[in-house]
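For reference, chains read A, B and C in written order, and residue numbers begin at 1 within each chain.
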Amino acid sequence: MESNTIISIRGVNFYYGTVRALTDISMKFRKNKVTALIGPSGCGKSTLLRLLNRMNDLIDGTKVEGEILFEDKNIYAPDVDPVEIRRKIGMVFQKPNPFPKTIYNNISYGPNLNGVSSRDMDALVEQSLKQAVLWDEVKDILNKSAMNLSGGQQQRLCIARALAMKPDILLMDEPTSALDPISTAKIEELIEELKDNYTIIIVTHNMQQAARVSDETAFFYLGNLIEYNKTEKIFTKPEVKQTEDYITGRFG
Amino acid sequence: MKKLKHNSMSWRYFKQNVFFTLVRASALIITLALGGIILYIVVNGISAISWEFITRPPTDAMTKGGIMPAILGTIYLTIGAIAIGLPLGVASAIYLTEYAKQGRIIRLIKVGINCLAGVPSVVFGLFGLGFFVIFMKFGSSILSGSLTLGFLILPTIIGASEEALKAVPQTFREASLSLGVSKWQTIYRIVLPNALPGILTGSILGIGRAAGETAPIMFTAAAYFTAKLPGSIFDEVMALPYHIYVLATAGTNIEATRPIQFGTVLVLVAVVLGIDLIAIVIRGYMRRNKGW
Amino acid sequence: MSRQTKEIIIKYIFLLFALVSVIVLGLIVFSLFREGLPLFKTVSVKDFLFGMEWYPTYDPPSFGIFPLMVGSLIVTLIATLIAVPLGVMSAIYISEIAPQRIKEILKSVIELLAGLPSVVLGFFGMVIVAPWLQETFDLPTGLNIINASVILAIMAIPTISSISEDALYAVPREFKEASYALGATKFETIVQVIVPAALSGISTAVMLGMARAIGETMVVLMVAGGAAAIPESLFDSVRPMPASIAAEMGETPYGSAHYQALFAIGMVLFCLTLAFNLIADYISHKFRQTGSATL
C-alpha cells in the first residue's frame, strides 16, 4: 500500500468554529484506485473530502490541524496556493452545477483561464466529453446552454469539466444523489473507466454504490475514521462492530 | 333574542372584516394617491408637450420656448452620477459579499452605508458645496453635481448589487474554484456576469432618484438659466427638477408659465418613472425566467 | 508577482472601495463642520439652538433656529401620524392578505411612489393642495403645516411600507401555522402573532420613514409657507430647517455669518437624521427577528 500512495493524511483535526468535525484522522489514498468514504450523515466524510482540495477554506471560522500530504508536500503549508492544489485535484459536486454558459464554454472555462490556447481547445473539449461518455449526446449542440441538459447529462458534463483540467485526482461528493437510477448507472460505469487514468475518491451514502465502484472503503462515524480496508473486506468481514452495524443497516 | 357575545365566532369574524376593510382601504388610498398625482400631471401637462418644447431652449425670460437645456443637463448629471456611483457601488458590494468576513470592519462599513443612505438630500447639497465646489475648487459645475449625486445614490447601488451578488448560487463559485480558478477570476468570470442583470435593474432605481433630485444640485451644479449649452464638465447646467422649482416659485410670471411648469413636471415624471418602470418590468421578467 | 499576492492586493482594493461610503460620511461631517463651526465664534450655541428669532439678513442679524426646529419637528410628527397607519396597514395587506396579482401591482405602486421626485410632489402640493385648502377653510394661505405634512406623508409611506413588508414577510411560517392550528382567525393571527414578531422591523421602518421626512427638502421648501415663527395652529406656515437652507443658500455670500449659520443648521439636521438612523440600526440588530433556525 505504501508504494503508490498519492495522498497521505496525518493526524488531521478539523473544526467548524469550536465544534470538532474530524478527530485525529490518519489515512492514505492509493493511486489509480477508487476509494469510497461512507458513514451516516454528519460523520465527516464530506468534510474530509472537501479538505483534500481546500474547499473548506471558503467557510468562515474553520480550522485545520495536522498534515495532508499530496506529492510529498503538505497542502496546508503556508506557502501553498490553494488554487494550484485545486487544479490538480478536481471535484464533482452533489448536485450537478454547470455554469449558465454553453456546453462548450463550460468545458473550456477552466483550461482557458489556465492558459490553454484556443487552438488546442476544440480537441480538449472533445476529449473531455468523450472521457465523460457525453460526446455522442452533445456533439451537435455544443453551443447550446448547458442548462437544457438533463440532470444526468449535466452531472457528466461537470465530470467532463473537471477532467478538462487534467487533474491527478477526482473528488466526488455524492455525485449521484440527485440523479435517477439510469443516470446513476451511467456515472458508475464512467467511474469504472476513469480509474485507469485517475485516482477517484468518492463520498457516498449508498452502500451498494460503494460496494460496486470502489476498491477501498473507509467508514466514518462521528468524525472518526472507524475502519479502512479493501472494499470486499469491509463488506464481507468488517473488523469493527460499528461498521458491521452500519453496513447491515442497523443504523444510519 | 340572541346577543352577540364578545368571543363568539361571528364577533371574531366581524372584527376581522372591519380590519380587512381598513387594510384594503389604506392600500387603495396609496394607489389612488399615486394614480391621482400622475393623472393630474398628465392631464395638465400633455398640452404643453410638443417637439419644440423638448428641443428648444427657453425664450422671453423663460416664459416661452422649450426646456431642452434642462433635459440635457439632467442627462449629463445623471450619467455623471452613474459613472461615479455604479463602479464604486458594485465594488463595495463585491467586497461585502465576496471577501468580507464577519467582524468589526464589515460592521463599520455597513453602519456607514446605512447612515449615508439616511443623510438628507439638502445636507448632500451642503456637502457638495462645501467640499467639491469650494474646498476642491470645482465650482458650481457638472462635475460637482455629478459627484454629489453619485455619492447620494451609492447606498442604493450597493444594496441592489449586494442582493444580486448574493442571489448567484454558491455552487457556481464552488464549481469554478474547484477547477483551480482563482477567486478574482471566479468573481470576474462567473459571479459578476450572472449578477449583472440584477445589479443593473436594482441600480436603475437609484439612477431614477439621481435624475429627480433637486436639493443636492441646487448649490452644486444647477443654473437658473444658461444661454449656452455646457462645453465642459466645469460648466453649470440647467436641470429639470431645479427648472420646475425655479418656474414655480421664482419665475417672472408664475401664473402665466403654469403650462410650461406642468409640461416640465410631466417630462421629469416621464423620465424618472419611465426609468423605474423599465427596471420593475425587467426584474419581474428575470425573476420568472431565471436560468438556475 | 505571485498570484497569491495579486489576489491579496485585489482584496484590499475592494476593501478600499467599500470604505468609500465611510469616507464620504466622514467628508460630509468635515465639510459641515469646516463651514459651519466658525459661526460659534460670534454666536453662542445656546442662542443658536434656542434663540426664538431667525433674522439672518437684519442688521444686527439674529440666528436663533428654534422656530425652524419646531417647524421641522411638527411637520415630521404629523406626517408620521399619517404615514405610519397607511404604511403599516398597506404592508400587512401586501404581505398577508392580498392575492398574488394585486400584491405585485401594489409593490410596483409603492416603488413608483418612492420614485416620484420630491420637487414634483412639492409642485403638486403648491398647485393643487394649497388652493384647495385655502378655499375650503378660508385661509390666508394654503402653504402651511397640514399641507406639508400630507405631502411628506406621501413621501414617507413607501419607506415605511416596504421595510415593514420585509419584516412581516420574514416572520416564520411556523408561527402562523401554530396560531391557525389553535383556531385563531387570520385577523387574530396577524395582530397577535405576526405583527408582534415583526415589531422590531416595523419600528425600524418607522424610524427610517421619520428620518426621510425630517430631511426632505423640496416639499417643505415649496409648501410649508416659510414663516420662521412658532406656529399656533395647523394652518399656520412654518419654515423647517431644510427649507431654510435651500431657500437662503442661493442668496448668501460665501463665508458670511449667514452662510455659516446655514451649514450649522445642516449640522443639526445631519445629527438628527444620524440619530434616527443609528436608532433604527440599533433596533434592527438588538431585536433581530427570530427565524425558525434560532428557535
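Everything below uses one rule, namely that contacts are C-beta pairs under 8 Å (C-beta built on N, C-alpha and C of every residue); 3 or more make two chains touch, one makes a residue touch a chain.
Given the structure is predicted, the values throughout are model-derived calculations rather than measurements.
Chains touching both subunit A and subunit B: C.
Of all chains, the one whose CA centroid is most distant from that of subunit B is A.
The central chain here, found by comparing per-chain C-alpha centres with the mean of all protein C-alpha atoms, is B.
By number of C-beta pairs in contact, chains B-C lead all other pairings.
In whole angstrom, the spacing between the mean C-alpha positions of subunit A and subunit B is 48. Note on chain placement: the centre of subunit B and the centre of subunit C lie 16 Å apart, centres being C-alpha means. Centres computed as Cα averages put subunit A at a distance of 54 Å from subunit C.
The multi-chain contact residues of subunit C, meaning those touching 2 or more other chains, are 3. Shared interface positions of subunit A, i.e. residues touching 2 or more other chains, are given as 83. In subunit B, the positions touching at least two other chains are 182-183. Of all the residues in subunit C, the ones that touch subunit A in their complex are 2-4.
Listing the residues of subunit C that touch subunit B in their complex gives 3, 6-7, 10-11, 13-15, 17-22, 24-25, 27-28, 30-32, 34-35, 85-86, 89-90, 92-94, 97-98, 104, 106, 108-113, 115-124, 126-128, 154, 157, 161, 185-188, 190-191, 208, 211-212, 214-218, 221-222, 242, 245-246, 249-250, 254, 262-263, 266, 269-270, 273-274, 276-278, 280-281.
Interface residues of subunit A facing subunit C in the complex, by the touch rule stated above, are 81, 83.
Those residues of subunit B whose C-beta lies close enough to touch subunit C in the complex are 12-13, 15-16, 19-20, 22-27, 29-31, 33-34, 37, 40-41, 88, 91-92, 94-96, 98-100, 105, 108-109, 111-127, 129-131, 134-135, 151, 154-155, 158, 182-184, 205, 208-209, 211-215, 218-219, 241-242, 244-245, 248-249, 258, 261, 265, 268-269, 272-273, 275-277, 280, 284. On the side of subunit A, the complex with subunit B involves touching residues 53, 55, 58, 60, 83-88, 90-91, 93, 95, 97-100, 109-110, 113-114, 145, 147, 158, 161-162, 165.
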